[in-house]
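Below: one structure, written as structure tokens.
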């Protein structure tokens, strides 16, 4: 395990990582739908950016992802930019703290990212949609819980949990699998000590 | 006048064990066209990047010795500052496209905008670079819609617009087809004729022999020889360094056909024809 | 024996713009280079052979099987295609795993897959690097890994897309050796390529594609003798052929050895 | 190449508004109904946003986006009508699906808010070329390097999507099945996305080097090839929007 040198460096490699992260998010979603998987898998790039270049670049990738997605496909994604920011942030912080050297830890990171996303998205859902997520099965659960408990917050939270946690868990596991197989010469760009040694 | 002065240059990448460059010293005169040859991993790309400051500023690592290009000491100058004196073009044409510009014309201006060149001068320089690289006809096209050869010429134009005195080309044609290769070599030849100092890494030895006035042979980060193409390509032990001489040299060696009054074998088609035509 | 038969094959990406205009060809065991300028239809042709595209007209049979009824994945045990850019396929974290991926996909058991992969790596000279991350290798080594990943599946037919591009001297020599070995094993080796020196030295049959049709089909000496034809197709000739011509020889030389023999007078009749 | 944006090329008054003011408009349209939470205010803003879309002559292009939104809004109306916690007054239906007036009112509030917000964003998105937006932001102090990041995505993303075809071909050539039962399809995910990630990170490194040698990190004033675009009534509009925001706050405080 290599220790991250700093929370973030606004180096050129970190900056050019952001468009790539947004692209990976998009392509992940594309392949998931091509393969007809029952998941979105549209945050792999954001998580990977956090793992590679730290929480700030991760968060920035998340924010920019939703801005771009909002400009190009679906304006509602602006609303959920906050969730993406937190996904990148949590993945980055946990990787930074050493939670990145084994599948067990990756699982924990996945759950952490999933629940963070839920906690951030729930108020947005309540404010924007009155509590729903726009996902059919999740909203069915929302309706059922709302009917039973009369609690918009609980219903919305559970709606978000079933929609987000499995997806984010698998997103993080996929990102970790990819991170593991990255070559030294790529990881090095983001982990280098920054020190210049003299050979004179 | 010396355009490049390298003194005891040593370099090791971060987290690497071996030196990528091991005590290199050489000089290049203004207007020369120098070819660098050697097997993969010999240190050719690292040397190229050491001439423009990416080594050590981009990678960090361990560095020793001194490199001076067009009067600037690399160690003490930023990569941006150096890019106005020495430009570099890489292998893959498509990853050198910035992606933020929608036309070839704007793409060439990218560096000039960053460096704060006044708009009027910017336009003059972009026009000049496009003209020199023969890209005027594509100036309104999207950079990603060009062929490999055109894209590589665009990369050269983007660098030339910064008006460097030296240009370094790191295997600029290795990923191109013959037509693209020919386009790019014609462009490089033109830069050389304009008086620019050119450093070129290339695996196509026939091209090196035809265009370069000196050839540098590297192996395991060390400089083996830096001399005329005829001298380097006539080495008997050349294949031991993972390099095959041009086909013309190979057949003339087999036939023991040296150039008149020279200890060396021919390296180009014309030279080979000259020595073989009587046979 | 006919390994591939192609009858009246046509293809268009957009209606009305035929990239291939009715090609009929049979491939036997002779190693074959398909040459032609960019846009001549070479890549489309091999994608059709591999079942990656469906013809708009005509039929292809690979080892007697109709390609139109099979997926690219189902064809994998019979015909392999090595893509030009290794970065389009490499994803495993070790070279060995990368090469085992194909054999495992076609149902080879893990133990045999490992043997086959190691054997293929041996062939491309990378056996010692089996445990390394493929992304830490040079581009030319990565290309060899991709060749190995197809060789390990042991298809009857192998197609190499620009195997010598981005190769240094040693890499090209390795590709040459691998092709030789595959020919010895009786495989049909095909390539689409721009490197004429390599074609002249290593292939027994050359097909020129030009604007979606077969412009010429013959052995390399025959093809490289036809100067005006090559010019029309926008193609070059091998360096050694050019040298022979420049010396006023009438013979078309294909290899250095041949040229040297001739110059030494060992083949005086060639003059 | 397919352009990767919702921008609609038209020559309307709205198209010629300073992009920064369009952002300010979104801010106003979202926050005024929030500061002054009454149905009338929300409804008014929704009408204003829709009217502006019409003025920009991009209503037709906004349909696909609204189509999805309406789909969700229908479920919102149903669920709120049936299960809204404040439901008291039955309108119609029978147990357990009695539709209530309070839920309907709440759903309408949500509907109006969502349409208003989506319309306000669409106004920016449909009438502003992304490159113009980024340029304005950089001219007003956004880091040019972040500006580059935003700009480049519009072209790098389609390039990445283009390689996905080749990658699918390459892996299918090695026997990868992409159709079949769920497990087969799940297993195909990594072999497909893996090469995209690897090659795009390698490309990112190469691009980083190429940018470095073209003054990407030059510390100093930058210049522009394009002359600065002048947007009419830019200041007046900005002042107007800020005034509306201010008035809303004052109203709330006094009211």
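Lettered A, B, C and D in written order, each chain numbered from 1.
Definition applied: contacts are C-beta pairs under 8 Å (C-beta built on N, C-alpha and C of every residue); 3 or more make two chains touch, one makes a residue touch a chain.
Since the model is a prediction, treat every value here as computed from it, not as a measurement.
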item: Topological distance between chain B and chain C, in contact steps; value: 1
item: Contact-richer chain pair [C-D vs A-B]; value: C-D
item: Length of the line joining the C-alpha centres of chain C and chain D, rounded to whole Å; value: 48
item: Between chain A and chain B, centroid-to-centroid distance (C-alpha), Å; value: 42
item: Distance from the mean Cα position of chain D to that of chain B, given in whole angstrom; value: 45
item: Residue numbers of chain B (touch at least two other chains); value: 58, 99
item: Sites on chain D at which at least two other chains make contact; value: 148, 152-153, 156, 178, 190, 194, 197-198, 202-203, 207-208, 211-212, 216-217
item: Residue list for chain A, restricted to those that touch at least two other chains; value: 12, 19, 181-182, 184-186
item: Overall pattern in which the protein chains touch one another (line/ring/star/complete/other); value: complete
item: Touch list for chain C against partner chain B, complex; value: 37-38, 138-141, 165-171, 194, 197, 234, 236, 239-240, 242-243, 246-248, 256, 259-260, 263-264
item: Chain A contact footprint on chain D (complex, rising order); value: 4-6, 65, 68-69, 72, 75-76, 79-80, 82-85, 96, 106-107, 110, 113-114, 117-118, 121-122, 125, 130, 133, 145-146, 148-150, 152-154, 156-157, 160-161, 164, 168, 178, 182, 185-186, 188-190, 192-194, 196-198, 200-205, 207-208, 211-212, 216-217
item: For the chain C and chain D complex, residues of the former touching the latter; value: 47, 50, 52, 71-73, 76-77, 80-81, 83, 85, 87-92, 101-102, 105-106, 135, 149-150, 153
item: Touching residues (chain side chain A, partner chain D) in the complex; value: 10, 12-13, 15-20, 22-24, 26-28, 30-32, 34-38, 41, 44, 48, 64, 67-68, 70-76, 78-79, 128-130, 132, 134, 139, 142-143, 146-147, 150-152, 174, 177-178, 181-182, 185-186, 189
item: Contact footprint of chain A on chain B as seen in their complex; value: 10-15, 56, 58-65, 99
